[in-house]
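By letter and in written order, the chains are A, B, C and D; residue numbering begins at 1 in each of them.
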Amino acid sequence: MNRINKKLNENKKLLSIYFTAGYPNLDDTVSIIQNLEKSGVDMIEIGLPFSDPLADGPTIQASSTQALINGMTTEALFKQLKDIRKTVNIPLIIMGYFNPILQYGVEAFCKKCSETGIDGLIIPDLPVNVYNEQYKPIFEKYDLINVFLITPQTSIERIHFIDSISNGFIYMVSSASVTGSSSGFGEEQINYFKRIANMNLKNPQIIGFGISDHNSFTQATTYAKGAIIGSAFIKHLSNNGVKDTADFPNAILNQLT
Amino acid sequence: MNRINKKLNENKKLLSIYFTAGYPNLDDTVSIIQNLEKSGVDMIEIGLPFSDPLADGPTIQASSTQALINGMTTEALFKQLKDIRKTVNIPLIIMGYFNPILQYGVEAFCKKCSETGIDGLIIPDLPVNVYNEQYKPIFEKYDLINVFLITPQTSIERIHFIDSISNGFIYMVSSASVTGSSSGFGEEQINYFKRIANMNLKNPQIIGFGISDHNSFTQATTYAKGAIIGSAFIKHLSNNGVKDTADFPNAILNQLT
Amino acid sequence: MTYNINEKGYYGEFGGAYIPEMLYPNVEELRQNYLKVMKEPSFQKEFNLLLKDYVGRPSPLYFAKRLSEKYNTKIYLKREDLNHTGAHKINNTIGQILMAQRLGKKRIIAETGAGQHGVATATVCALMGLECIVYMGEIDIARQAPNVARMKMLGATVISAKSGSKTLKDATNEAIRDWINNPVDTHYIIGSVVGPHPYPDMVARFQSVVSKEIQWQLKEHEDKTKPDYVVACVGGGSNAAGAFYHFLEDTEVKLIAVEAAGHGVDSGESAATSVLGKEGIIHGSKTLLMQTNDGQITEPYSISAGLDYPGVGPMHAHLYKSGRAEFMSITDDQAMTAGLELCKLEGIIPAIESSHALAIFEQKKFKPEDVVVLSLSGRGDKDLNTYINYYKL
Amino acid sequence: MTYNINEKGYYGEFGGAYIPEMLYPNVEELRQNYLKVMKEPSFQKEFNLLLKDYVGRPSPLYFAKRLSEKYNTKIYLKREDLNHTGAHKINNTIGQILMAQRLGKKRIIAETGAGQHGVATATVCALMGLECIVYMGEIDIARQAPNVARMKMLGATVISAKSGSKTLKDATNEAIRDWINNPVDTHYIIGSVVGPHPYPDMVARFQSVVSKEIQWQLKEHEDKTKPDYVVACVGGGSNAAGAFYHFLEDTEVKLIAVEAAGHGVDSGESAATSVLGKEGIIHGSKTLLMQTNDGQITEPYSISAGLDYPGVGPMHAHLYKSGRAEFMSITDDQAMTAGLELCKLEGIIPAIESSHALAIFEQKKFKPEDVVVLSLSGRGDKDLNTYINYYKL
């Protein structure tokens, strides 16, 4: 059983953290992952930086640009992660845009993920139908879970369709927006969370976008299996560097340090 | 008999000088005229300054602008010239553009000229046919000679026509150009001078435009009854002021001072 | 009464050719030939082909829906702004360059205010491979920089006129001086219905394509060939002459000519020639002009370089004196407001000259059923700096 | 083989809609409706009326006599420079604004490179009274200042894109981000045949009026409906798509697409996408794009803001891969030379984009009897500073 599915089966709300590989420094990747695991994070999205991350807001975008300047490449990332499974047990997901993956070769990329111990992928600009028609067998062959997004605008039929082809969790975008652009949830979003919760989908949902602190994390996880934090963590890294990485999840989970 | 005709009957080559009334100083008009007469000038064109003297080159244009700034007006000019005939005997011609004259009233203007002792007018932008059809009787009534221009481009028929309606002299433009733009005469111009001289017109010709020194004056008067100098004299005034006015005609006539 | 020119070259008491003898051969050559040449089928064919394929005629007659709604009347814009080079001026320069060619001229001179006529002249000179010299007032060179750049690109020599008000009047003086100095091979392409006969009539005829088109275009839109009103701004008067031309004798069509009031008609800084002018001679034509009692020509002022002229064509002097056209004066501020309004309502940035015409809708009420055709004489690209500075955008 | 789009939204292997889920509802709404809406008679009527009376279509097909003489072949210029706002871009924005209205959108966003698309979008938004936000790279804002001024006059908000190369690619990223953030009431008017399906096809159809007109106009000039060659510059590819459209399947008509080589194809500073690009995904479309081995999109370079794009529309990727069109690359210097040449020979100042197309005549010989139609996609008013600085005029 894929680590993601195992994790989802745990009877707890999940905290998932996104960071951009190669940021703030090229070789921070492994230590960030290790520190996050140690401080109780349940799942990690490792961002493969892209020159034109059009679904990301300014914070993640800037971190990607810096990571590329630092020298991050697909090859380099896999090299850094080569031995990651010797020390890390939580699910690891690579989040990246489709073009770098396409250039690497989709099958080669999946194979490498599988060898490295990556459990899933989030590829925002690989649409469901293209995945379904062209790439599903490859992902399955390498036991990679492909995670799809839904938004407040996604129609009921489409949510059911996405649910039907998903086999891990559904990434529930809290509001239709690029990452890092709102904070805290309003009534409209809460209603949306409730609406989805009531659909009784086969896949659990993890909410992302706009979660930045303990409060919003708690709110989100009232209605979903877990929540993903990205921009807020990147900001933490850029303000504090890597040495106090653990402070961030601690604050979210409201643990005393 | 009009002073101009009398002068033209003299058995000599005529030097006529143009200056802009009110330049360099508003009240220089009378003394310039007097000094010119004293130094042997045969005829004077008094320029009535105009804001837009489109047949004049930069030198005369600038002098007109300055004269207007100094306060010269049609009324002021007539006031300055009121007693001119008490001291000056040579023919005096007013040279001005048509619009100021029109505003003064053509008949009023002619009457005033006659009262003042002005002998003729040169109005570059009053065309022959308009003069002929509308204003001839007025000029005749006040015994004013209207002087017409011809240029190297004027057709033979037109020269004969202009000759027929002229009763003083013909202002022969040395080359088709605004005032002050050439110096000395080339073969083409000399041929033109000869051509006109050979036409045996009833009116003598006085050459203007491009005469600036003894040499060009002598050249021009080889083929014509006289010559008019304008820009070169204005330049002299602007370089030397009015006190050495006489130097200029002296140099032209090559008289020792 | 006729509102057209008579055989002597006058509109009523206005017009004629008050030129120095030095210009006589050139002007006379033109006078004797212009009608004959214009009527030659080969001329007509070439002229019309260039208007169509090069200039982009017919220019649309555009029903301005939102502007009409705002002023509760039917406003049609005659889109001269869409012509090649961006104004009505090119209709005339195409005609004159063909005329110049047929008269064997090798060198072209022009004056320009807004630069539109200069650009249009430089353009047709490039098209025909003729040398081109454009005179432009020093102030206008500064405020219409894009057009100066365009003339240079097109290979024209731009000469700065530094005398007088350093605007259109002075550029015209310089151009005339040049013509006097170059009497044989040079044609002077005057840019408006000004100057000595036959210029006003020749330019009006070249521009008359505008009202010709309005007639059949209106037929398509409104099933009638006459508007109730034709509105145009007047600098020298060429766009108005073109827009009025085929309606001149039909007094059912009301004509409105709009002049630049600058800082106000009575401010001493304006270019509202008809109201402020008296009969006189300017640039070879008897017409109305702004002048002192002494007959010195006054320095005009308008924010718009193309209207900044102390005279007006003799046709317009006659239209004013006879009452055939209504003359309105629009200030800088009123024009700028109307210009921005057209941007916001119709997505069209007008030349500031044309903005003066647009400004009348705030001054005069029309009936809902009135069909008002307005000559949008040019586009505002040349005026962007002036607009931007004015509005601090 | 077909060169048109298939029912899945692909030209051969290129195209599709590689978009984040956040954009799915918008893009899907458009995909489901665009053909249906475009075929509605009321849409057709309004679209065609605006093209005629507002844009000024048909744009002339002008036989460039002196240019033809110089290159000893028959060159026709399709005069998109005469359109309202000065380029072909407005054909598309008119279409899309009508589409947006019918889809009930209230807010319009756009990206722009040269500013022509931004101006065209701001224009139609003013015309329809809709809010308009335009994203433009910081570098392009500097080099196309007149167009920035125009957008402001028209009431649009111009937002500077400061990431990446600070040019068109980055402006597009920002526009897409905006759209993601405003998924309900906003329509994104893409300015070229790029982006996710159905944009490339929709834009190509709106631009196809160009080749439709070429067919009947050529009939008038040459008594045939097909040229031997159609030539167009390619940034994203919309003017080329429009000029090629009705000839795509007729291989007797040779197509030439001209890309910007910047300082030279091999200089590392160019935008010659087809030659230098590899298959990949950019802005939602599978196409050819300039990228590193690692799949990072390369920062392109061209003196021309409108060609300074690392991708190309999927139609063009297919035309390249299939060999249906010949692709040529033109350097900055070659383009600038050709641009000035057109000024001097024909009195037309071309957009620097279009100058790239014009430059091929120095590179490729045509037969004297060849009929070559070249899309003069825009006028050079926006580029005056660049020309003037380049030539030190």
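In this section, contacts are C-beta pairs under 8 Å (C-beta built on N, C-alpha and C of every residue); 3 or more make two chains touch, one makes a residue touch a chain.
Everything numeric here is computed off the predicted structure, so don't read it as measured data.
Novice: On the document's contact criterion, could you list the chains that touch chain A and likewise touch chain C?
Specialist: Output, common partners of chain A and chain C: D.
Novice: Just give me the whole-number Å value for how far the CA centre of chain C lies from that of chain D.
Specialist: 35
Novice: Please work out the Cα centroid separation of chain A and chain B, and write it as a whole number of Å.
Specialist: Here chain A and chain B have centroids separated by 96 Å.
Novice: Which chain B residues sit where two or more other chains touch them?
Specialist: Residues: none.
Novice: Among the residues of chain C, which ones contact at least 2 other chains?
Specialist: none
Novice: In graph terms, with chains as vertices and touches as edges, which category applies: line, ring, star, complete, or other?
Specialist: line
Novice: For each chain, which other chains does it touch, given as pairs?
Specialist: Pairs satisfying the touch definition: A-D, B-C, C-D.
Novice: For chain B, which residues are in contact with chain C within the complex?
Specialist: 50-57, 61, 65, 68, 73-75, 97-104, 124-128, 130, 148-151, 153-155, 158, 173, 176-178, 181
Novice: In the complex of these two chains, what residues of chain C are touching chain D?
Specialist: 52-54, 56, 59-63, 66, 79, 81-84, 86, 122-127, 129, 146, 149-150, 152-155, 340, 343-349, 380-381, 384-385, 387-388, 391, 393
Novice: Tell me, which parts of chain D touch chain A in their complex?
Specialist: 16-22, 24-25, 163-164, 169-170, 173, 176-177, 180-181, 183-184, 278-284, 291, 293-297
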